[in-house]
Each structure stands twice: as structure tokens, then as C-alpha cells.
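By letter and in written order, the chains are A, B and C; residue numbering begins at 1 in each of them.
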Amino acid sequence: MRLRTLLPGLFVVAMIIAFLEFAVDAGMIRRALLPPPSATAEVLWELLSTGEFLPPLLSTLKLVFAGFFLGSAIGIGLGTAMGVSPAMYRLFEPLVELIRPIPKSALVPPLMLFLGIDDAMKITSVTLVVTFPVLLNTLQGVRGVDRVMLDAARTHGWGLGHTLWHMILPAALPFILAGMRVSLGLAMVLAVLSEMLAGQGGLGFLILDMQRSFQLRQMYAWLVILAVLGLLLNSIFLLAERRALFWQRR
Amino acid sequence: MAFLELDALGKFYPQPGGAPPARIMERVSLTVPEGEFLAVLGPSGCGKSTLLQMVAGLTTPSEGEARINGRAVAGPPPEAVYLFQQYNRSLLPWRNCRDNVAFATEHRLGRKPARAAADEQLAQVGLAGFGDHYPWQLSGGMQQRVAIARALAAEPALLLMDEPFSAVDALTRIQLQSLILDIWARRKLTVMLVTHDVEEAIFLADRIAVLTPRPSTIGEVIEVGLPRPRDAIATREAPRFLELRHHLLNRLLARDAA
Amino acid sequence: MKAGRITSGFWLVAALLALWELSARLHWVDSPNWPALSQVLAALFHDIASGELPPLIGGTLWRMGAGLAAGSVAGVVVGLAFCLAPVTRMLLAPAVELLRPIPVPAVIPPLVLFLGLDDPMKITVVALTAFFPVLTNTMQGVAAVEAEAIQMGRTFGVGPLRRAAFIVLPATLPYALAGVRVALGLSLVVAVVAEMIAGEAGIGHYLVMMQFAGRAPEMYATIILLSVLGYALNRGFVAVERRAIHWWFALGRQADG
């Protein structure tokens, strides 16, 4: 049923691609800007069938995953600590407020000076950008837990660990996951950006490199691979989120 | 030709998954002469709002038709204005009270005349000087007065009211009832009021139509026959009032009228 | 830092900043990449006073503003169209959803081919970034318009265009503005990113140049400047928002997302 509602739109997408093919053929768009989609598809097929697409894809994926998990762990950990303990909140709140407005993409150049152009630098920049949305959302979620619920836990004699695991984190989960969803997109952005700036490999590097050496069919082919990766990661996360929040009927 | 005629109105909603359509209402027929105050009484969920919205042209009937001055209702008729059950949702929170009332007429009169008229209408419902206040700065009863002022600004011949006082406290409700009676008498309006409040129906109406449970239809039409002008206290103590109250409550609570 | 109350967190920040200063001054960290905070601030004031940074900031802000405006308008228009004329949504939503997950830096290389290295390309990239959050929020906003408010318009004989302009649009505004607030933060970042990757203009390019030239104080000064700019823009926008939709805040609502 979902597919049927999607069909007209997918048909429009196909029409757009067909039009581009025609427009390039008829000389309405210069080949130097856009190779015919069929030519890009050919290159794409080559990359896929020879397995050549895999190493760059995995290299980018590694950055995204490592940074995403590290950043989420730090964000959830620190956010929960700050949400539960007023002392921790007082200690870290000014620091968080100070670092939060720093555009994390602007930190890539100094990070390159300290950490070089290896994975360490790239994973650090992804981790940094992931941490803050997760931290702030976790904090909001944990602080928003109903006081009545917490009092109920106390009257039942639950310990802190038990209360955290069975009450606070489940209640904060929708917020945490919303923050992680935002962070996932940002993680992709920072992974691609740091690959472009550090210039060693990965999808971001390839897209920029192919453009600079005027191998446009390759550039578009890698771009399609990156777009599909983004779409897949996003869909998987949404699916997992809906699973985890099955009790939230919406 | 009566002013308002309901001719075998019926409504059903299609059900998902091929189940037979849900029948809300069937064969509702009624004629309302000009200037009458009619109350429609029924339990919650029996389709009162649906009925009123069909008359207001906001919902299309599945069967039959409503006619005003002999013309079938298709879309909101110019003679009628609908006063919503939830005033807090039908008032626009980004407009102050004056501009909320002006909304009823500014598309016809233009902004300036509509605003001037709005101040007048606000004064008539006892809200002179509140034009610059925003709806959320007023109490529930005052907000409903704003909604009434807005309805009156359109100068309707027919006022359709959907449980207009169900969301205000008991004392405010009595005050607003007297206000509506006063306006009805002064402006010679025709009113169709929908309510589940037996006393409200008796106190306000000339006639009361009682709806049966779903699929609902009109079970009985009662002449109230209480003298006018009605008094907020004395009328409620009149023997006829108490007799009607006894009868209607028995009916609605589905007990045998002893 | 709020209301002048000095808490443990204030001391932590002060201690870290002091550590930064001392570690550089006393050569605990001995690296040309690690200038003292005071040197960084001096570089910041110098670059502003010498007139080197202000035009760069101006250029970046102009590209950001133009892109944000274009993207936001497009987001609101498409959002309204998708909701009020569902056919458009059925036909175009998949195309939009296919573009959404592409990380923005990746669209810069192809856009450079079509639009060059200068303003048109950068403004387009910013607009593309701003478009999506505004679109999502606008659609949420339209879905949240009270059915009673629209029927109210109908009962007074107000036509569909006027209802869209005077009921749907104002009711949607708080959501759309929340989307613009999110887009604002992203826009500055993306404008800088585009400058870092392509062209020779703006703060982003300056930042990369300072990195290549090994002028660490200038580099850190640029980052501080960007942070202050981002913070100030956000604050300014929230202030405008509070005035423009005061009624929304008076109702105690929140529209985040």
C-alpha cells in the first residue's frame, strides 16, 4: 500500500532522469557539466560489479559509525549525569554552553594540526559534532522525567541504578533518539567534510577529487553511492527508532 | 414555506476495511419557523454536532437535505452562522478581541468598518474596552462572549449554537444564557441550539427536539410553553419547568416515565 | 554565568582557560599550534581593528542570509503546497526525500560545475540546507492547525485563499519559525564549509588559509569569532521570534524540531 502511494512520485523521478538524458543528448545541457545519466549509470555499474565501491564506502562508514557511537556514548553519559545530579549540572553546564556554539566543522583545520590527516582526526571531528545534540536532548529528557514517578521509585525503595535503567532512561529515550537522529545526519556531513579537507580517501575525498580531475561520470557515480548510503542509514535509524518507541503511539 | 426545514437528513461514515458504513443518524425531519428558539437535546456522542454542521453547510448530509428559505444548503449559507463548542479553538490567538470579531466581516466590509463594528459588538456582549486584549488574556466565559460577538457581527438570521456553554462554569453559564436570550429577543434571530443540558434546553427554548441514541433520529418534539421574558431564578422554579425536567431526564436516562 | 551566580562550573571554565594560557606561556605544551589564549584574543582584536576580518564576515553573512532567506521561503511554500494540495505532495515528495539525506558538502563539487566558485554556488548550498528543516516544520504546522479555526472561516463565508492567508499561515508561523531557527544555525556552518572547500572568499577560506600558513592565533581567533557570531545570530533570532509570535509564547507552547 505504501508502495502504491510512492509510485507516482517515483515515476516523476524517472521522468526527471529521462529528461536529463534527453537534454544532454540534445545539447541543452553541456556534457562538461552533466554526463548523460546512462553514462553515469554505466560507471556506477562498473564500480558496483567489480566491488571497487566497497573500500571507500567502508572507510566513510567507519568514520560515521565510530564517531556516532563515541559521540552518542559521551552525550548520553554526560547528559544523564548532568540530568540526575545537580552538582554535575552546575559543574558542566557553563562549559557545555561555551563549547556548544562553536561550529564543529570549523574545528577540522586545527584538529588537522594536532592529529594529522588520519582517521583519528576524522573520528574526533565526527564525535564532536555528534556529542552535543545527543547531550542536550538527553539532558532535556532526563530532567523532564515526572517528579511523581521519581517519588514513586523512592517509595518503592529503588536504588539509583535501578531507577536509572528502568525509569529515567526509558522515559528519556524519545528525546535521546531524536537527538541521535539529528546527530546521524551531522555525522555524515562531518565525515564527508573531513575527508574532503584531509584528502586521503573515502567517498567525500573521491567526489571532490573526481571533480577536480574532471572525471564527472565517476563523480556523479560516487555521489549516488553516498546518497544511497545516507538514505539507508537514515531509514535504518528511523526503523530502529520506531521499534524502540513502540509504546509511543503516534 | 418555513424558514428552516430539515428533510429526512441522514449521515453515515464509511468504515475502513469494507465493513458496513457506520450509521450516525437517519430521517431527521423538522421545520423551524422564523424567530423560533429551538433546542436539540441528546446524549453525548449521538450526533448533535454532526446534525448542526449539516445545517451549517460544514458537513454534507449522506441523505436528505436542509433548506433555508426554500434553498437547499450546499456549503455555508449566508444566513447562518455556527458558534463552536470549543471557543478556544475557533478564536484566533494571534488576533486581539477586536480583530477576532472583525474577522467575521472584514472580507466583505473592509478592515476599518469591520473594526468599528467589532467594538460595538463587543460592547453588546458586555466586553466594552476589551478590544485590545488577546483571547488568552480572558476567562473562558469572556472568550465565549467574544465568539458570540463575532457571530453577531455577521448579522445572521439563523444562529447555530453547538453546546456553547458546556466549557464554562455554572454561574457564567447562567449569565451567558440570559445574554443569549436577550440578544435573540432584540435581534429577532432564529436559533438552533444543540445541548445535552436538560435545564439549559428548557430555560432557553420555545421547542425541544429530543434525539434518540445512535443511529439517532428525533424521538419527540416538546412545546416548552414557559412565559417570556424568562428569569434566571424564577423560571427554574416554575412547576412547568420542573415537570419538563422530570420528563426529559427520565427519557434521556432511559427510565420509564412513571 | 547566569545572573552573576558563581558556581563550580564557572571555576571549571576559568581553570581550563587559565590552563590554556599557562600551558602555552610556560611552554608546557611546546608547539607553534598551541598559542596562548591572550595571543589568540590579541590576534582577534588586531584582525578586526586592522579591517581584515570585517569584510570577510560581511561576505559570509551575506551569503548565509541570502541562502537562508531563499531556502526558508522555498520551504514554507513547498510545505504549504504539499499540505494544501496533496497532489503536489504525491508527485514531488519522493524526489525531495531522495535529496534530503545527501550530506551537504558532497553537493558542492557538482554545484561548482554549474554555478562556479562564487556567491551563486554558495548561496544555493546554504538554501538547500535551510530548505529541509523549514519544510518539515511547516508541514507539521499545517497539520496542527485547528479544524475548528478553518470551519470558523467557512461559516463566515471566507474564501479558501483568504483562509489560507489569514488562518493557516499565521497558525503555521510558529512552526515555520522554529524551522528557520534550526536552519539559521546550519546556514552559518554550511556557508563557512562551502568557503572552506571552494573559492577564495569569506571566513571559511580565511580559516583554511591561516591553517596552511601555520598562523595558529589567527586560526583560533576565527573560530572564536564564528562561535560568537553563531551565538549572537541565534539570540537575535529568538528575540525577533518572541516579538513576532508573542501570542504563541503567551499560550506556553513550544515548537521544536
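What we mean here is this: contacts are C-beta pairs under 8 Å (C-beta built on N, C-alpha and C of every residue); 3 or more make two chains touch, one makes a residue touch a chain.
None of the values given here were measured: they were computed from a predicted structure.
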Chain whose Cα centroid lies nearest the overall Cα centroid: C
Chain whose Cα centroid lies at the greatest distance from that of chain A: B
Whole-Å separation of chain centres (CA-atom averages), chain A against chain B: 54
Interchain centroid distance [CA atoms averaged], chain A/chain C, Å: 18
For chain B paired with chain C, centre-to-centre distance based on mean C-alpha positions, whole Å: 49
In the complex, chain B residues that touch chain C: 53, 56-58, 75-76, 78, 80-82, 84, 86, 89-90, 92-94, 103-105, 107-108, 134, 136-137, 154
Of all residues in chain C, those that touch chain A in their complex: 1, 7-10, 12-13, 16, 33, 90-95, 98-110, 112-114, 188-189, 192-193, 196-197, 204, 207-208, 210-211, 216, 219-220, 222-223, 226-228, 230-231, 234
Complex contact set, residues of chain C against chain B: 146-149, 151-159, 162, 166-167, 170-171, 173, 245, 247-248, 250-251
Residues of chain A touching chain C in the complex: 5-6, 8-10, 12-13, 16, 32-34, 87, 90-95, 97-98, 101-110, 112-114, 185, 188-189, 191-193, 196-197, 203-204, 207-208, 210-212, 216, 219-220, 223, 226-227, 230-231, 233-234
